[in-house]
Structures are given as C-alpha cells and as structure tokens.
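A, B, C and D are the chain letters, set down in written order, and residue numbers restart from 1 in every chain.
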Amino acid sequence: MTDIHPREILITTIARLLDGVRHVAVGASSPIPAAGAMLLRALKQRAGAPPVRISILGSVEHNFFTNGSAELFDCAGQGRIDAFFLGGGQIDGHGNINLVGIGDYPASAPRWPGSFGSAYLYFVVPRVILFREEHSPRVLVETVDFTSAPGVSEPGIHRTGGPVALLTGKALFRFDKARPGFTLESLHPGHALAEVRDATGFSFDHAGQPPQTALPDRATLELLRGQVMDELAETYPEFASQMRREIHA
Amino acid sequence: MDLQGMARRVEAGMQLALPVDYAGVSMAMTRALIAHGAGDLDLFCVPTGGLQVDQLVGAGLVRSVETSAVSLGEAGGAPRFNQAIAEGRIVVRDATCPAIHAGLMAAQKGNPFQPLRGIIGSDILRFRPDWRVIDNPFAEGGDPIVLIPAARPDVAIFHAPTADRHGNVWIGRRRELAAMAYAAAQTLVTVERIVEENLLGNEMSAAGTLPALYVSGIAVAPRGAWPYGLWGEYATDTAEIQRYAKAARTPEGFAGYMAAAPAGEMQEAAR
Amino acid sequence: MDLQGMARRVEAGMQLALPVDYAGVSMAMTRALIAHGAGDLDLFCVPTGGLQVDQLVGAGLVRSVETSAVSLGEAGGAPRFNQAIAEGRIVVRDATCPAIHAGLMAAQKGNPFQPLRGIIGSDILRFRPDWRVIDNPFAEGGDPIVLIPAARPDVAIFHAPTADRHGNVWIGRRRELAAMAYAAAQTLVTVERIVEENLLGNEMSAAGTLPALYVSGIAVAPRGAWPYGLWGEYATDTAEIQRYAKAARTPEGFAGYMAAAPAGEMQEAAR
Amino acid sequence: MTDIHPREILITTIARLLDGVRHVAVGASSPIPAAGAMLLRALKQRAGAPPVRISILGSVEHNFFTNGSAELFDCAGQGRIDAFFLGGGQIDGHGNINLVGIGDYPASAPRWPGSFGSAYLYFVVPRVILFREEHSPRVLVETVDFTSAPGVSEPGIHRTGGPVALLTGKALFRFDKARPGFTLESLHPGHALAEVRDATGFSFDHAGQPPQTALPDRATLELLRGQVMDELAETYPEFASQMRREIHA
C-alpha cells in the first residue's frame, strides 16, 4: 500500500463529519463529498449499523427521486435530508457564501453560475459541510461580495440548518454559530498554522498547536481503495481513474 | 407541427420557461427560435440554464433571465451569458432553485403566491423587489417568511422521448416539465418520436405522461436535445459542449460556431 | 412486515391520512387496526372518506375526522359515521377537497401554510378557526385569500399494486398517495405483491414509483383494497359495499357484519 | 322514433348550456351531465367545430389527469376548465348550495356526505350549472342551512366563476349574479308555472307566460340515441341501458 493521497484524507474526514446521518445528498459534480458519503455507508455496512442513504443529484444510479428537480428541496424541507455540501467562489468568516460573482452586483465580473439551491438548503439541512479544495485568500475572504446564503440568521428566523464545518485542501474548521465564526480543528499533513493563516482572509480561533487531521487506518483505506472506489467509478469514472493512477504512481 | 411552425408561436417580448440541462432541453427549438428571430425574450430557467440560454443570449434575442444559475457544467461558465452581464446588456433576476419551483407551483394552483422558507438574509432577496416577506400568520408573532409570486410564462419549451397521436407527452419522472406546462399559457414540445399507442391507455405509461390538455404543439426532432443528453435515450456529448464553450468565448467565435452547423446537420453528424 | 406488525405502529391519539375510495384504500389494514385497538384516532381523508372511515368510526376508534366528504358512493351515506355525528360522538372538521390537498402540499414543501382561492363566504371557513384569511400582499389592497395550515399526519396508510425488495412502491398516477407520504411522519403500505425488479431501475416504472425513502413499512395483502377496487387490478365489489351499508344501519348490524368476516377470509371468499 | 324522454330534454338542455366550452369536467356519478357534454361534443364534431374535451372524474376512459386527485382543482385554478356541474341537498334563491346537512351544524340530521370541491370550484369555474332532478321545496329553499359554497361574493373577493343556470326535472332557470337571484327561463313539457312556483322554496323572476324548454330536433335526437348513448354506456352502463329500455318501452 502506497502513501495516503491528500484526497483520501479529505474523503475520510468527510466520512467522519457525516457520522450519524441517515440520508445525505450530494451535488452533481462533487466526487469527493460523494466518496466521503460512500465511505461512511461502507463503514456502517461493515459494522452492521443502520444503513446510510445517499442521493447524488444528476446521477441515474443514485437518484432516489421521482418528482422532478423540486423533490430535493421538498425532501429537505420535510427534514428528510440530514447533510449536504456547499461550496462557493467566496466563503467568509461568518459562514456566508457567494456563488454569484465578484464586484458590484449585478454587473459581477467574474460572474459565477449562481446561487442554485443554497439560499434554501443552508437553512433547512441540519449538517451543511462547506467544502472547497482551494484554500486561498481569494476564496476565504473577510466578507463576501454577494451573500448567496448567510451563515447565521437573526433570532426569530426559522432555521433548522446551517454550516457545521469548513473543509479545504489545507485544514478542517468547525463553525460556531453563536460567535459566529470558524475554529481551526486540524491541519492536514504537510500544512502549518502560519501557512493556513496566510491563506485565510478571515480571522479564526485556533489552539496554540493545532492537531493534525486524523488519517484513515489501514482497514478504512482498504475499504476506500476497494469497494468505495468501485462504487464511485460508476458515477464519476474519470475522477476515480485519476485517483487510482495517482495512488499507484 | 414542424419546428419552424412552433418557433413562430413565440413572439417578441414573451417569457419562455426552459428546463435544466438534464431534464430535456429542446436544443432543436433553440436554432428554430434563432432563425425565427423574435427578440426581447424573458427567459425563466427551471431552475437553472445552460447552453440554450447562452445561445439565445448570444443571438441577441434575450432581454432578461430569471434563474438560479447559468453554466455549461463541466465545460465551465456560460460565455455569452457572462459577457452580456458584464456589459449590462441583459437583466438577470437571480433566484434560488426552490423559489423557481415555488413560482411555478403558485401558478399551477391558481394562487397569487407560494411561501418559501429560507432566503432571508440572502442578497438574492435584497435584489428581488417582486418578492415579499410577511410574518407567518400561524405563528404567535414574528416568524418572517418569503412569498414568491406566481410565475406564468407565456410559453414552456422542452424535449421529451415520446408523444402519441392524441398529443400526450411522456415525461417520465421529470415532473418539472409538467409543472412548467401547468403554469405556462402555451407548451411547445419536441420529441424523439411519435408512438402509435395511447400513452394514457395503460397505467404504467400514464403515470409518466403529461396529458394533451396542457400541450399546445409537438414536433418530431430526433436527438433534439443534442448536445445535451436525454434520460433513458442518449448521453450528453460533453466534447461538443466543450467545443462550443471554447468557440463562444468571443462574439466572432460564437457566430462562427452557430453559422457552421445549421440545425439538423449537427444532429445527423452526431449519430 | 406483517399486517399486525404494521397496525402496532399506530398508537392511540395519532392522526392517520387515508386515501379516497378509488385511489387505493388499505381495507386490509382497517381490520388489523380494529384488532389492534388503538383509539382516539384523528382521521385525515385525502380528500374524502368511505368504508374505511365508517368502519373505524363504527369500531369506536375515532375521535375526529377531517374530510371533504364521507359516503359509500352508490351505496349511499356512511351509516356509522352519520350516526356518530348525529350523536355528537365524533368531531368533524369539514373541509373542501383542494384545502385537504393544500394542507398536504404545505407539509410537503416544509411550509407553515399554503394559500387557496375560493372558500370565502362558505360556512366551511366559518367553522375552521385553524384556517386564516389575509389580504394578498401582492394586490394593491384588499383581495382576501385563505391560508390552509400544513397537515402533518403521523401515519399515512394506503394500498398499492406492487412494491419491490428495496421498499419502493408503485403508485402509478395516483400522486395523492405520494403527497400523503411526503407529508406524513410514517407511511404504511399494503400491496398486492412484491416484485423482484427494482422499480427505480427503469424510467418507465420509476415515473410512477414512490421511493423507499418515504416508506416506513410494507405488508403483502392480496386483494387488500377489497371490497374497494384497485386501479389496473380489480373492480369495486359494489354488492359487498351495499351489503355492508344495509347491515351497518344499526350498531348491532355493524357488529354482526364485522364479526362474521375476519380479515383474510372475506378476501379469500371474494376471489 | 318514440316520444322524447324527459331526460333527453335535460341532456339536450345541458348540451345547449355548455355551447362554446372547450373543456368540461363532470363528477363521478353524473350520467345526465356527462351525456349532455357528450352530446355537445358529438354535435361539434359533426359540425367540424373545434373539439370539446370532457373529463369524467373517477372514469378510466375519460380520465385525462395524471397528477392525482389534486389535478382537477389545479386545472380549474389555471382556468383550463370552462364548465362544471354542482348539485346540493339544498339550493337557495341566492345560488348558495348545501352539501353538508339539515339543521344545526355540526349536529346535522340528516348529514349528507360533505362539500367535496364545491367551495373552490364554484369560485373558479366560469360556467357552473346547478343540476338537480328533484324539484321540491325541500331542495329549492329560501335559505340553505349550511353554505358549502356561496352563489355570489362581495366585490373585492377573487372570483372568476359561479352559477349560470339551475336545471331541474321541471324547469330551467338563469342566474343573475347582480340581483342576485334566479329567473325562470323555460318550463319542461308537462309542467306549469303554478306547479313550479309551488315546488320552489325561493321566489324567482319569470315572464307572464314562460316558454317551453326547447326540444331536441330529429337529427340531435338520433345522435343522442345512437353515438352518445354508446359512448355513455362505456362509463355508465346501467344508466344507459335503463334509458334505452324506457325509450323503447
């Protein structure tokens, strides 16, 4: 078995963040979150624990919906989706996300695709994981230029969901909605606190010596490289074969 | 009907409802609409847009786009759409997916509005003066909630696998196509083929059928979603969308791409 | 699961959503519920009730019925239901069909309410203090409109033709069954049979399938809608419903009818 | 050809009242309204006029809906249903209808089934025809005991539909929503003004010598007894064979 691939750490971390969910939904082009959800499902299956349901939007094999593209949102509104992933061109220190663009809206430049369902799902999915591999001051900003969806809401606003964590290529943060703000939970192998501070446009709490992000144990890694990669390849063939090439390089 | 006849139903200034890239986009109608040339269109994306929106914008036919997102998926941003925004040539009414569905649902139910949770505190709401926030009348006080007004597009346009001789259209589990048709004044559909049996004639096919009652016109357009795929029929031609994305980075490249491949020929070439 | 196990999921004081007579009534569960004996039930008829409601009321298990109507169709009024009303033993919350659907839709969407046109000036509204009237916020002023609160039944119960081994249930075009399941906390389904193929495995059957995600329990009950019919499967046994209607005119006649025909035997006899 | 059956006059009258509609919906157990709609469809077909669509609730052959039992109401709310029929245990002089029961609600005795969709459809279907064969002071009352749906609404209430006519076994009335009230339009053969006045619990306007309800001409009668009865027999076999027996008796 070769060294652990950085993305294997992300996938393992996602599986840990999802622990306890019954139903997780994953966006259309999100192979790493999907792999994390599949790893959790495989771990639970092996342990004989209650099954984990995964809905992958736009997938045929993992499409459990039969009521059109509104069903994901209905299902979330019913409280039947426990976890979801959101990214963003910008994410700020209050957990606000921007999927619309830079600069003076509406004349955004660049203009990104748009907010999709974020302005709703961020409110009603209990465990939203912010995931963005790029960890730079360009992405992690002090204040977003456009709030597609706010990280926290005033008291009295109906809100059953929101961000619990921010996972990047360098580190894992927990979100504290009372403050509100992020706390550095761990650094991925090869990344230092000073580097992460430089790469982060917002201030965050952290321990004096933050721990390293937990690595997958041997059994988990075998499950990930075997069963989970096989499952992932059905939906994301190119991503799976690229990861396999890099692991075996 | 033929494609050209259906395209002529679209008049300048109309609002068109168009489906998401994986639900059944009538790319065949895109070219017919561009040939027809009715402009000042308001596009209503259910709930997001892609190639079709980009081409209609690139052809100069679009006045505004209401959508939750516009992109070419793996091929990146929508080049003509993004440039039109940067130049202020089109109005974008940014929404969020369930708000698009809520507007259609209000129209489906004959209601003036539909409530929707979330959104409060989003800049989407700040730029949507046509949306309202009220205090939930069932709460003790407070509890603000957003109301989305009914969306009643003039024309819904999509592509589906089959229609029958009675005008029924099989949409499978893509129920947003039905939602579009319920809400719209007219619904124009392209299909891969016309089948002889009545789609409402047995419970199995009836379950996925949009009744003729809601369908204003049907035209046969084999591979009519291409280069998008059609569920259960053919996959997306990602290479072609990437070819478009590259060409359409400039107005000239877009013009060249569109001129080089008239409707039909591209479809044939793709078989 | 078996019928008895499913019936035990129903606890005293729960609200049960039950479908209209032609949509797939689980008469098999009616008898299991009576044998189980959980009382003080609130029934929510989608959107009307019949034999099942009458029998549950006759068995003394019902506290209230929210419905747009209760009758035995061609066999006339619902005798046990009507007598219970005359004697004030049950509370009836009269509604109108689209208000029932609106309550379920609000729950489906995670909304506190759903607007509905009409009703104003009806005595239905006068006796529904749980409904609200507001002025349409999108009008210039005035324009009152009714808001129906979300209906979130504890358990939805219905009968369908088939389920698969994954727990998916084929409901065809009877989408109100899906609406009930979306809105309810639990959904218990009886089916004619379990099929081996995955109902979500092809687009044709998927279009009419309620995904397992919404299904809490499934039991096989051949002819489980009898004496009601099941669309695409068997016709209503009108003579049997008339036999019931005649017997159930008195409490004694009702008791005799119910005692004479335990679950299963009647179904066998009817084949 | 034998004498005209009283129900043939009702059917013909309904076809006339429906003239111009594109889509008429008919309740589950309404063979006479269904026959009237089918006669109109056959007449239009013969004349080469635009087709008339008929939705019969609960029928398999004439069920054009695929979205569950909510679709009828959605369809009406969209303005896609031009005409519908309502009856009632009581109908009063203001066009109010009662489908719930007699006496002090909620302890109604007798209790009738309930209001069904009337409280909505009466508001949104432009041409509602009130149809009740029984013409008696018990049914046609001064004021209903319970208003399932009101005949008219205050100004400012959103209302695109309502009653246009009341057809009974004795007579045809037009509804005037401005007054509001009924005007006797015609008497069916064999019924006199005095008899109708005695049998009606509300007062109504009428000419000094009200005309007789128009009878079907020979061609219409042939169409009705042939093609229309054949079509009707598919959905209402017992009703159709009973009518045929009575016509040929």
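Quick note on the criterion: a residue touches a chain if its C-beta (ideal position, glycine included) is under 8 Å from a C-beta of that chain, and two chains touch if they have at least 3 such contacts.
Small disclaimer: the values here were computed from a predicted structure and weren't measured.
Contact with both chain B and chain D is made by C. Across the assembly, the mean Cα position most removed from that of chain C is the one of A.
Computed from the mean C-alpha positions, the centre of chain C lies at a distance of 29 Å from the centre of chain D. Each chain gets a centre from the mean of its Cα atoms; for chain A and chain D, those two points are 60 Å apart. The mean-CA centres of chain B and chain C are about 36 angstrom from one another, to the nearest whole unit.
Among the residues of chain C, those touching two or more other chains are numbered 105, 109-111, 116-117, 136, 143, 145, 173, 178, 206-209, 231.
Counting partner chains per residue, chain A has residues 65-67, 73, 77, 124 touching two or more of them. Viewed as a contact network, the protein chains fit none of the simple shapes, being neither a path, a ring, a star nor fully connected. Under the touch rule stated earlier, the contacting chain pairs are A-B, A-C, B-C, B-D, C-D. Residue ranges on chain C touching chain A, taken from their complex, read 107-111, 178, 182-183, 200, 206-214. Only residues 23, 53, 63-67, 73-80, 124 of chain D touch chain B when the two sit together in their complex. Note for the complex: chain D touches chain C at residues 28-29, 58, 60, 65-71, 73, 77, 99-100, 105-124, 146-150, 153-154, 156-159. Within the complex, the chain C residues that touch chain B are 102, 105-106, 109-117, 132, 134, 136-139, 143, 145, 147, 149, 171-173, 202-209, 231-232. Only residues 20, 22-23, 46-48, 67-71, 73-74, 77-78, 81-82, 85-86, 88, 91-92, 94-99, 101, 105, 116-125, 127, 136, 142-145, 173-179, 231 of chain B touch chain A when the two sit together in their complex.
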